[in-house]
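Encoded as structure tokens, here's the structure I'll be asking about.
By letter and in written order, the chains are A, B, C and D; residue numbering begins at 1 in each of them.
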Amino acid sequence: MFFASDNWAGAHPAINERLSKESTRFAAAYGSSDLDKSIEVRFNEIFEREVAVFFVATGTAANSLSLASIARPGGLTFCHSEAHIIEDECGAPDFFSGMRMVAVEGPDGKMLPENLVSRIARYPQDAIHHGRAAAISITQATEAGTVYTLDEIDAIAKIAKDNGLPLHMDGARFANALMALGCTPAEMTWKRGVDVLSFGGTKNGCWCAEAIVFFDPELAKDFAFLRKRTAQLFSKSRFIAAQFDAYLKDDLWLGLAGHANEMANRLRAGFGSLNSARLAWPTQANEVFAILPKSSAKAAQENGARFYDWLEPRDMPEKVSADEVLIRMVTSFATTEEDVDQFLSICASA
Amino acid sequence: MFFASDNWAGAHPAINERLSKESTRFAAAYGSSDLDKSIEVRFNEIFEREVAVFFVATGTAANSLSLASIARPGGLTFCHSEAHIIEDECGAPDFFSGMRMVAVEGPDGKMLPENLVSRIARYPQDAIHHGRAAAISITQATEAGTVYTLDEIDAIAKIAKDNGLPLHMDGARFANALMALGCTPAEMTWKRGVDVLSFGGTKNGCWCAEAIVFFDPELAKDFAFLRKRTAQLFSKSRFIAAQFDAYLKDDLWLGLAGHANEMANRLRAGFGSLNSARLAWPTQANEVFAILPKSSAKAAQENGARFYDWLEPRDMPEKVSADEVLIRMVTSFATTEEDVDQFLSICASA
Amino acid sequence: MFFASDNWAGAHPAINERLSKESTRFAAAYGSSDLDKSIEVRFNEIFEREVAVFFVATGTAANSLSLASIARPGGLTFCHSEAHIIEDECGAPDFFSGMRMVAVEGPDGKMLPENLVSRIARYPQDAIHHGRAAAISITQATEAGTVYTLDEIDAIAKIAKDNGLPLHMDGARFANALMALGCTPAEMTWKRGVDVLSFGGTKNGCWCAEAIVFFDPELAKDFAFLRKRTAQLFSKSRFIAAQFDAYLKDDLWLGLAGHANEMANRLRAGFGSLNSARLAWPTQANEVFAILPKSSAKAAQENGARFYDWLEPRDMPEKVSADEVLIRMVTSFATTEEDVDQFLSICASA
Amino acid sequence: MFFASDNWAGAHPAINERLSKESTRFAAAYGSSDLDKSIEVRFNEIFEREVAVFFVATGTAANSLSLASIARPGGLTFCHSEAHIIEDECGAPDFFSGMRMVAVEGPDGKMLPENLVSRIARYPQDAIHHGRAAAISITQATEAGTVYTLDEIDAIAKIAKDNGLPLHMDGARFANALMALGCTPAEMTWKRGVDVLSFGGTKNGCWCAEAIVFFDPELAKDFAFLRKRTAQLFSKSRFIAAQFDAYLKDDLWLGLAGHANEMANRLRAGFGSLNSARLAWPTQANEVFAILPKSSAKAAQENGARFYDWLEPRDMPEKVSADEVLIRMVTSFATTEEDVDQFLSICASA
């Protein structure tokens, strides 16, 4: 019953197999192998257009260097107040991009367009002292386990365009969002106005596979130097490429994310039939935020379940009472129905 | 005949196997798993003392964050004029540490102690305008394929101590140097006065396994934050740990490095028996710098050999004539006797 | 009627005179002249203890380098949500210190201790992902024209001490706060627990005189290098020293600040006797935030008055109606009673 | 007999007078006053074209932010091995620009064009590991007291153009060089191909007046934010403007530089008639590098002369014997014939 995070899961067998196969040969280093090149082509196909794609070591690196590549001196990046880039990356986005992250409030982990508009308005382009709006970043799926609809992305993208700001998407759980919406990668990104994407594979069955995708290759013209200078260029880069090769083949990635979402949905449904549990936010991808009696949570932990107690956000509509606890449960490709059902059954009996 | 670099090799089967085994289970993320912890203990054993060890994504990261952890404002790091940190990492050490790398000359890729002393003397501790000496970094094995003897490390370490400067060792090819000297890891590092070590596994049979080893854990007290903030903390960190687990088990790492050194030595010996080839520097680890007739190099390339033409350093004693070329050949765990012999045979007939 | 800012005023005649006198002689550069040294001694006397004092070019530099000198990797600085360091310095404090500024709410421009405590609690010292609490900064006088009482500073300092955090004071309007409280410099700073002070002279009659005062000289041990490296070391540093020489002589600085405060108080009293005006916050130093009918503000501007319309903070208790405007008026050593009375009279008749 | 540096001199009376006059009025802050604006126009006139001009606090800031404004990720700036930006600014140019300074050798403090060409050739535009050529910087007058001729600047500018690199000029002693060449500011800068200029006034009679001049205003489009973010925007900016107002009026600046050069020439001529003294480099501006008997230097010091012993550069053709010393003497607007003659007379009798 490992629900602590999707990054507690291992790696999918198909990805392992591909890595093993890759390990037996020689190939050019630093991203110039045939395999690296072929994966770049694969990204073009998946996104139905020419993109520039670069592998990096971590999701934090993907976000930070994405923002660094669109940064302007004195720039501000607007994101949700619970966004990973502002609260969970130890200031790495600020460090690499030289920008300040500005929190925008909104329910269910999503920026409310009117809040975004009014925050941006506080930082006009000639406001030397305050700094100037320079980028917008959305997380898809969000930190609250919800998903921006295509219309909601449109609304954010329109604000970006109206203000001349590039739009970044943190896609650490990109595949989960895609499966939730049932649309194509192109439809969820550049067709909406996304300029740069952090494309995550690690949480969905790879062991280390993160990429930055530039929909306008012009934005990437300095990126090779930026990546090297920030110590993110793997010498044996082709082992990242190999993971993506298996990940993207025959829609493996979509299948894995679909399974994870299904397991989250099974949890959600199970909680729905319990009187003692409530959900903090809608479950739309592979994260479930549940308010449980402390006794249930304790019983589950004693039976080996792993999950995180979650700090109650200031703007959460559901309030947590003194004998309750807010927990986050994350499902992954490796979560089983048995794990879910066992957890629910413990809650039911506690 | 892949001699371009040891990072063109794949990964050793034992390391692959260990990764596959690790992939099937759940475990805590961000370096807090049981496996991560057990590898930390393993490093203590290997170095015969308590050390603080941190995994990072690349050798450039290992060097840059090592230096960042010992940096002082306005600091200067002294290193050989051909060192990786000054010439091959796109300024990453400067970026992360905020220090300037100062080149010190010396033959065979090693800093000459008297040159080091006189360079340091130009930057006294109160020289606000010039910046102040803050660290020394040596590369073991060097970029010239040579190895500092223990006495030579002692000489550098004494200068470090006399000037109150911490000593860093770039051990991207640590195992190769160790096998060349036939000493223990402790004898080549902290027993000589090394404070921080970039411990590389990638070039010697891992696919991505780099660590920073602090011999004084006090130096590492802020490192966890530094690493996260610089986007070098893997979520599935245990897959680095797993590689080191296999790498360090039953002295696999030493065996692999020993093989690589042997292959380099076979090359060296082969060149020695050819009239047409000379060595630019002594071959002491797994790199051979050879001056060949252009015709030989061309013939080898046409037969599939891969190696790099090397820019002639200004202070190289052997001069390269107009119909010759300086090439670098690097051997690895995956180099075979057949590859070596085929290369030599082509040169002999060309 | 120049009420736009105290930095719209010129320089006091005594300061000019001292500068002129200084200009006729030769003296050592970069802060090592006899005059520089004598001013350092003067700061010891003023603060009744040994301090380390360094001149810098701007208030933004004073704040940024103060924070840089107490920064820790992954660190967070807690300050009021309207603080200059978070909203008015274009991210300079983040850039130089590598820290993120975290906004803490509170009425009248002052952090509410319970808010500070709860914000800090979100960032425990082992929270690698979130970053860790590393400093607290208060502004005295505040951006709202109010002044922390000694008890209020004590409350903040206790939180700092409880959490092991250094306490910085942005004293861009230090003298105004001092006159408001009627205490000594020592009583308002290190006797309360302040560790580092941005000591501003520019807004109070100098033309460019800003200093950083370290109450624990140990904190300043790297500062000379930090200042040079950040391009803040004046070659003719003694001209800053000369300004401070006149500024601090015979309590000139206190007299100038007292006059500015008195002029603000005269404005406040005048608004109090008008039915049409309200104050947004109490007037305690040399800034008045008034809510006026738009017609009054317009009439004043047409008669040559200069002031800034102010963006209504989200947490301001007084609400500004559609036909009103919130304005900021700042008085200085150069403000005259005539200016004040003329302004009030225009408002009365509008 | 103050020959330690031109920044040991005070400020010229005309500049003081202008500052005093400015001090009595109110004016807009942060560079938006009428006076600031009028000085910008003055720079257009002096350079005979539209330029973008920005004041900063120090020469180090002028150089660092000039380079920051033309920097590219992974960029390298080529400069003479004795340049201020590489040896005397404590790494500030590296810090602000993110570039590495690469030393180019050449006699008399000037880069030799063929050395520059060969250094640049080591860093081709796709050399991710080494970093790429991104800028060239020349110092005019040089650190050796010499001056690049217009032809020599042309030669450097051609190399810059051939390699697509912007050209920066460190003009800390711009006026001295101008007087030495007898040409116009335009002829020595943009007409030769200079893109950005550090225009120094401090060493030539101001007390703090440094500006960055962009000959292509497009290069300056982000500069206002860059300057604020790096804490270099003065609130009472008009006091810098006031200094430039007097400095540039009626060619005061040229007269002051001419006098300083004349005093250096008088020193040079005096040394020439002494058997015991030699010059290390030609005296072309306001610096004299003399090799004297230690006894002469000592006698001068005992009589109150101030100058710096100079570290012998590795490539200096004249060698300094054991009983000699290399000293640097700098003249300024405030140097008198009496000072010069007294110094020479001491040397003659020692």
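The rule is simple: contacts are C-beta pairs under 8 Å (C-beta built on N, C-alpha and C of every residue); 3 or more make two chains touch, one makes a residue touch a chain.
Keep in mind it's a predicted model, so treat the numbers as computed, not measured.
A.B. asks: Can you tell me which chain lies farthest from chain B, using the average of the Cα atoms as each chain's centre?
C.D. replies: Relative to chain B, the chain whose C-alpha centre sits farthest away is C.
A.B. asks: Counting only Cα atoms for the centres, state how far chain C is from chain D in Å.
C.D. replies: The computed centroid separation for chain C versus chain D comes out at 35 Å.
A.B. asks: Could you grab the centroid distance between chain B and chain D? Build each centroid from C-alpha atoms only and quote it in angstrom.
C.D. replies: Distance between chain centres: 41 Å.
A.B. asks: Listing for chain B: what residues touch at least two other chains?
C.D. replies: Within chain B, the residues that touch at least two other chains are 30, 74, 89-91, 95, 98, 128-129, 131, 225, 228-229, 233.
A.B. asks: What topology does the chain contact graph adopt: line, ring, star, complete, or other?
C.D. replies: Topology of the interface graph: complete, with all chain pairs in contact.
A.B. asks: For chain C, which residues are in contact with chain A within the complex?
C.D. replies: Interface residues on the chain C side: 74, 87-91, 94-95, 98-101, 122, 128-131, 311.
A.B. asks: Provide the residue numbers of chain A that touch chain B in the complex, in ascending order.
C.D. replies: So the residues of chain A in touch with chain B come to 2, 4-5, 7-13, 15-16, 19-20, 22-30, 56-61, 64-65, 89-92, 95-96, 202-203, 207-208, 225, 228-236, 239, 306, 334.
A.B. asks: Under the definition above, what is the set of chain D residues touching chain A in their complex?
C.D. replies: Checking each residue of chain D against chain A gives 30, 72-75, 98, 128-129, 131-132, 222, 224-226, 228-229, 233.
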